[in-house]
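In the two complexes that follow, subunit A is the common piece, with subunit B as its partner first and subunit C second.
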Partner chain A sequence: MTARVAVVVFPGTNSEDETQRALAATGVEAEIVHWSRGSAALRAFDAFVLPGGFAYEDRVRAGAVAAHDEVMDAVIDAAQAGKFVIGICNGAQMLLEAGLVPGTGPLRRPTAAFAPNAGGKFLCVHTHVRLAVAPERVPVLAGLAADAVVPAWISHGEGRLAAPEAELDLLERDGHVAFVYCNARGERIVAPNGSARGVAGLTNRDGNVLAIMPHPERDAWTFMHRDGDPDKAAARGNTRAMLAPSGGIRFFQAFAAGLTGANVAR
Partner chain B sequence: MSEAVERAYVITLTIPDNEAFTALTTLARIGLPVERAVRSDVWIATVDTEHAATLDRTITTIETIYNPNKHRLEVRSDARPRPGEVWITALDETPAITVAGRTVAGVRGIVRRTAWRLLDDRGADVPAAVLERATETFLCNPAFQKAIL
Partner chain C sequence: MSVALSADELRTIAEHLGRQPTETELYAFDAQWSEHCSYKSSRHFLRRLPTDGPTVMQGPAEDAGILHLGTWKGDRYGVVIAHESHNHPSQVVPYEGAATGVGGIVRDVLCMGAEVIGLADPLRFGRLEDPHCRYVAQSVVDGIAAYGNAIGVPNLGGDVYVDESFDDNVLVNVVALGLVKEQDIIHSHAPKNAIGYDIVLVGKATDRSGFGGASFSSLTLDDADAEANKGAVQVPDPFLKNVIMRASYQVFAELRKLGIEAGYKDLGAGGFVGCSAELCAAGGVGAEVELDRVPTSQADLPPAVIAIGETQERLCWIVPPSFTPLLLAIYNEQFSLPRISRSAAAAIVGKVVEGSRYVARHHGEIVMDVDLNFLTGGVRYNRPYSIALPNAARPAAPLPRFPNAGVALDALLAHRDVASRQAIFQRYDGVVRGTTAIPRGAADAGVICPIPGAPLGVALAVAGNPRYGKLDPQAAAEHAVVEAVRNVVAVGARPLGLTDCLNFGDPTVPEHLGAMVAAVDGLAYAARRLETPYVSGNVSLYNQSKSGRTVAPSPIVACVGGIDDIARTASMAFKRPNSVLYFVGQPEERVGGSVYADLLGITDALPAIDYDRVAREIELVLTAFERDLILAAHDVSDGGALVALAKMAFATRDDARIGIRLEPSPLDGRAGTAAFGEACGFLIEAADGAAFLTLALSLGIDVLRLGETTAAYDFTFGDVERPLDALYETWSAPLRDFYAPAPVAGAA
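This part shows the complex of A and B:
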């Protein structure tokens, strides 16, 4: 049976369509579910993706209002029951504010934050992220190969991981750091947003919840890759190749594979 | 070097504040007995004494900070929250030397904070315990912010 994934939309979310398309391309049944349908509408889904945007206009703090929304009750319950939950960009900020990731404190009492970028500017730049834990540590992406490198676009003003040093040590020690910023070869780079320890993504203790700041769904087809990308350059003049899924799609293939227990090539 | 003084410019919307209303909705969901939330921008400047009056006037001319058609401005000579207020700021708060991009004579540094006041159904400040709980559960993320009560 095909897994049903809810793409949860809050007022101000703006990446639901590309997220749904990326999920659908992997064969899962992805449905956009608006917050106004309430938590009851989410109970029947197998997994959840919180896409990017500016939920509630980032009022008070990015992700903070959405984390307390009634619809998040269902997401929290599902995460605690072991269902897969991914948050991308603003969705990642929600997961931290909800306390689901890294999950080292009580619910809705965050122990870390995606704080304003170093320099205080909104960033829109291409990057790569590398899986920083063993694939089996993150069942939500267990289809991803060890050390997998995924291209993605940074598009955020608040993506700098911030936490007390002791908490950062704990996150590294206990395998909560799921992704780090890297170059196309997988070599670590200084996080463009100043993120502590170069962290681009975090997971919880059980690895069924993942928060990632850059957008793999915005780099999931060849035409979306940055100029100069070899795959994109090779696809010039070939519409079929340009519209083929590649790059960031691996992230979603891994998620889908995690739902079914399959593997995805690096 | 001349003496410096602190100035706090507390700027509050006089038109409906959507952000404060959203915060109020969330506080209600958390279960806190709050009927109204009031949010203010607080600009805290350290300024040479002889330039303080000039800065007081200059602030009122920078529309991105203060627009008399929609804001109320309170100038304070100290940078401390009043009873019933909580100020939220970044743990790594770094003073700027320009005011909204402008160089203003005598300004040694300026920071921006957010002030919250929470009121009950009589229009009075909520008990301190309620304000503290609102701060801990929602208004402040201690991973990168601090609350000054």
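This part shows the complex of A and C:
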């Protein structure tokens, strides 16, 4: 049976449609679920994706109010039960504010922050990310090759990971740093948003929850790729290839593969 | 709050009513008869613009126009476009003014039953060396970013010009695009047989913000007034708008499912009464409304404020009563407006009635009872105008020269109208919705692929050069049309249609009105010659300060292009070394209004436009795209051909790093005007040089082979060889610190 994934929409979410499309393209059943349906409606789902946006206007801090929403109770319970949860951009901020990543402290008492970008302003730039841990460390993305380079867009104002140095050391040592920023060749780069240690994504202890700041769903079809991309160059004049999923879709394919694997294991 | 109505207008109103107007009526007339709402000084000139053509699905009669994009899976898709200015509010309260400008234009598109799919923002700033101008510019960008990013609509294009004429009057134009299937279009009028239908107000609770905005936008600004008028600027709430948009999409889906026809319209200038009156007048019906049923955020708002105030994030539905419960449930329960924003709601506030009277009650008392046609018909003025003849004198020969071409290139790249705008547009989310194929800055037009799975693409570009406007408003308008059209052609898109926003000074001054009339004539002529109609537009007058400073005549144009196959589009970035570079166009002889002329103080006429040739060049480029003969294309504009070539190379800086070697040609930098003239054509990186040349010759167009792309990241022409990294630095530096404080005046 296909896994059912809930794409959870809070007031102010703005990336639910493209996130749902990217998931659907991998063969999973992805359904957009609005906040007004409450946490009860979410409990029937196998996995959860929290998409990007500005939930509750990012009051207090990005993701902070949503992390305390009643809807989030269902997500937290699911994460603690070992179900897969991904947060992208604003969703990543929510997972951090909910204490699900890095998960080194109590719930809803974050031990790190996605702070305002270096430069203090919203930034929209293309980038790449790659795994900073072995794929086995993150079962939620178990399908991702160790050296896979995933293209994505930074579109956020608050994506700079900030934490005390000792905490950052701990996060690196214990494999909580799931993704780092890199160039198209996979070489690490200084994070465009100034994120500490070049961190683009975090995971929890069990690797079933993943928070990633840049958006792979915004570069998940060939036509979306930037100019220098070889897939896009090859697809010039080829409609089918240009409209095919590629690039950032690998992130969602890895999630779908992990989901299938997890279902088999159960 | 004072009213802007003239004594004559007040007399006309009293005579029509047979009594003095009530306070509510007075403010209603003040708004509806303002320049902003009624176009009283401009309307009869605007009739000169061509508005018909095979691509037009909806012309300029409603809140937004609609252009036919193409057919997919049996459905005819339309691109909705609206274009407005928010100049006065942005000068006085720049962050809120610019943000609410975006908010308003988004509602204009939304209310056509469309999904909002893109934004663009032509901006005209005062000198950035001045601390206040810089603050205004920064805050405008912040406001646009805050609003557009939060509602989740990608910013696809726009431009920024800097000129001293904008020191006291910033220009903030906003363009929004939507997508709608032909059968799902919702009109801005009461539908057929609407007697007894409910009038439902949706959105933010009404408050005191934005009271008197329409008439404020129709007055000359001065500093004292500006302070007093801050209350006339609305307060943006993109968070609430995000939810209202999504709830409205749900309503559209339900209407489709049930086959119900409804009316939907944005509340803009003139507030609730303005909107509901126009809905009913356009549908040939009357209205009875109860102002006390309008949700408000504070008790005891006077009826005039409820009726006319321009509180943001509100729209008005006219729906059959059988549908009303579902409508209310979608907004108030499924999307829980009252829970997420204090007192926000959808509420029934009135009924459609027979006849043509608009009757408003407040706690049972009639506060307004007017004939709708009289209220919304407005007044018309035939004001005197005079059109100044442009100075077409030839410049003195010989022209002043740069010491050498390398110096010229540096000076051009660092010019305030050429330097990289990246620091600005990186603030805008250009990729939300996951439809962006060519983001802003990567080509002359932004391109999206808005229908999942379909190969149809939409291109959007703007144009309007204030350096040209100052010299010759009519020619500037023509150039704006030609450049906007070329911009979409440069990404392989067929031009579908245009919008225009006329930003001018005081229409009671004959010279200023004359500049606007000349611009309208230029817009009309160019559009006719290029067979591209206008489907929407806006007029913003009184863009001047009490000190007498008036904005450069600024006809600003947006062009929507349609792409049949998203696999056949291209950005301006060079794709590979050793491909042939062609110039499609005629090297310019006249350099008036160019950056080159600005730098060297040359006075000259604007370049002439050979429309037959322009049309054939467009045909060549589009045919070459169809045949996969183009790897990269770029329109020559500010700074001329060498600057345009450099920008094609800059776009490869982070990956392929492809340079340029030019052969000796009229563009080699020594001939001056040929290299630095503007508005003259396209630069093409050909996929197959010989095939491109053959195609051009077969169409009777002589193209100029300029040189080749190179693996070395240098720009080589004539005796100049410059590393592109150094040129990139020159181009990037001026606005990189856009957000830093203004440099201290007088400092080196």
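Going forward, the second predicted complex is superposed on the first by the 261 of 266 C-alpha atoms of A that agree within 3 Å, B and C clash if a C-alpha of one lies under 4 Å from a C-alpha of the other, contacts with A are read in each partner's own complex, and residues count from 1 in each chain.
Basically, a contact is a pair of C-beta atoms (placed from the backbone, for glycine too) under 8 Å apart; a residue touches a chain by one contact, two chains touch by 3 or more.
In this text, all values refer to a predicted model and were calculated from it rather than measured experimentally.
K.L.:
Pick one for A:G186: touches subunit B only (first), subunit C only (second), both, or neither.
P.N.:
Touch status of A:G186: no partner.
K.L.:
Which of the two partners, first being subunit B and second being subunit C, lies in contact with A:V65: first, second, both, or neither?
P.N.:
first
K.L.:
If you stack the two complexes on chain A, which partner ends up touching A:E18: first (subunit B), second (subunit C), both, or neither?
P.N.:
A:E18: touches subunit C, not subunit B.
K.L.:
After lining up the shared chain so the two structures overlap, which partner does A:A162 touch, if you call subunit B first and subunit C second: first, second, both or neither?
P.N.:
First partner only.
K.L.:
Between subunit B and subunit C, whom does A:T239 touch in the aligned arrangement: first, second, both, or neither?
P.N.:
A:T239 sits against subunit C, while subunit B stays out of touch.
K.L.:
Please indicate which partner A:G175 is in contact with in the superposed arrangement: first for subunit B, second for subunit C, both, or neither.
P.N.:
Neither partner.
K.L.:
Quick one: classify A:G38 as touching subunit B (first), subunit C (second), both or neither.
P.N.:
Touch status of A:G38: no partner.
K.L.:
For A:A112, select first, second, both or neither according to whether it touches subunit B, subunit C, the two together, or no partner.
P.N.:
So A:A112 only meets subunit B here.
K.L.:
Just which bits of subunit A does subunit B share with subunit C as contact spots?
P.N.:
Residues 56-57, which sit in both footprints.
K.L.:
List the residues on subunit A that touch subunit B in their complex, please.
P.N.:
Per the stated touch rule, the residues are 56-57, 59-61, 64-65, 68-70, 97, 108-113, 115-116, 162-164, 167.
K.L.:
What residues on subunit C touch subunit A, complex-wise?
P.N.:
Residues 145, 149-152, 238-239, 242-243, 333-336, 340, 425-437, 442, 449, 452-453, 455, 565-568, 570-571, 573, 575, 628, 631, 651-652, 654-656, 739.
K.L.:
Which part of subunit A faces subunit C closely enough to touch in the complex?
P.N.:
That would be residues 11-15, 17-19, 21-22, 34-36, 52-54, 56-57, 119, 121-125, 153, 155, 157, 184, 215, 217-221, 223-224, 226-228, 233, 235-239, 241-243 of subunit A.
K.L.:
Touching residues of subunit B toward subunit A in the complex: what are they?
P.N.:
Touch list, subunit B to subunit A: 18-19, 22-23, 26, 29-30, 90-91, 136-139, 141-145.
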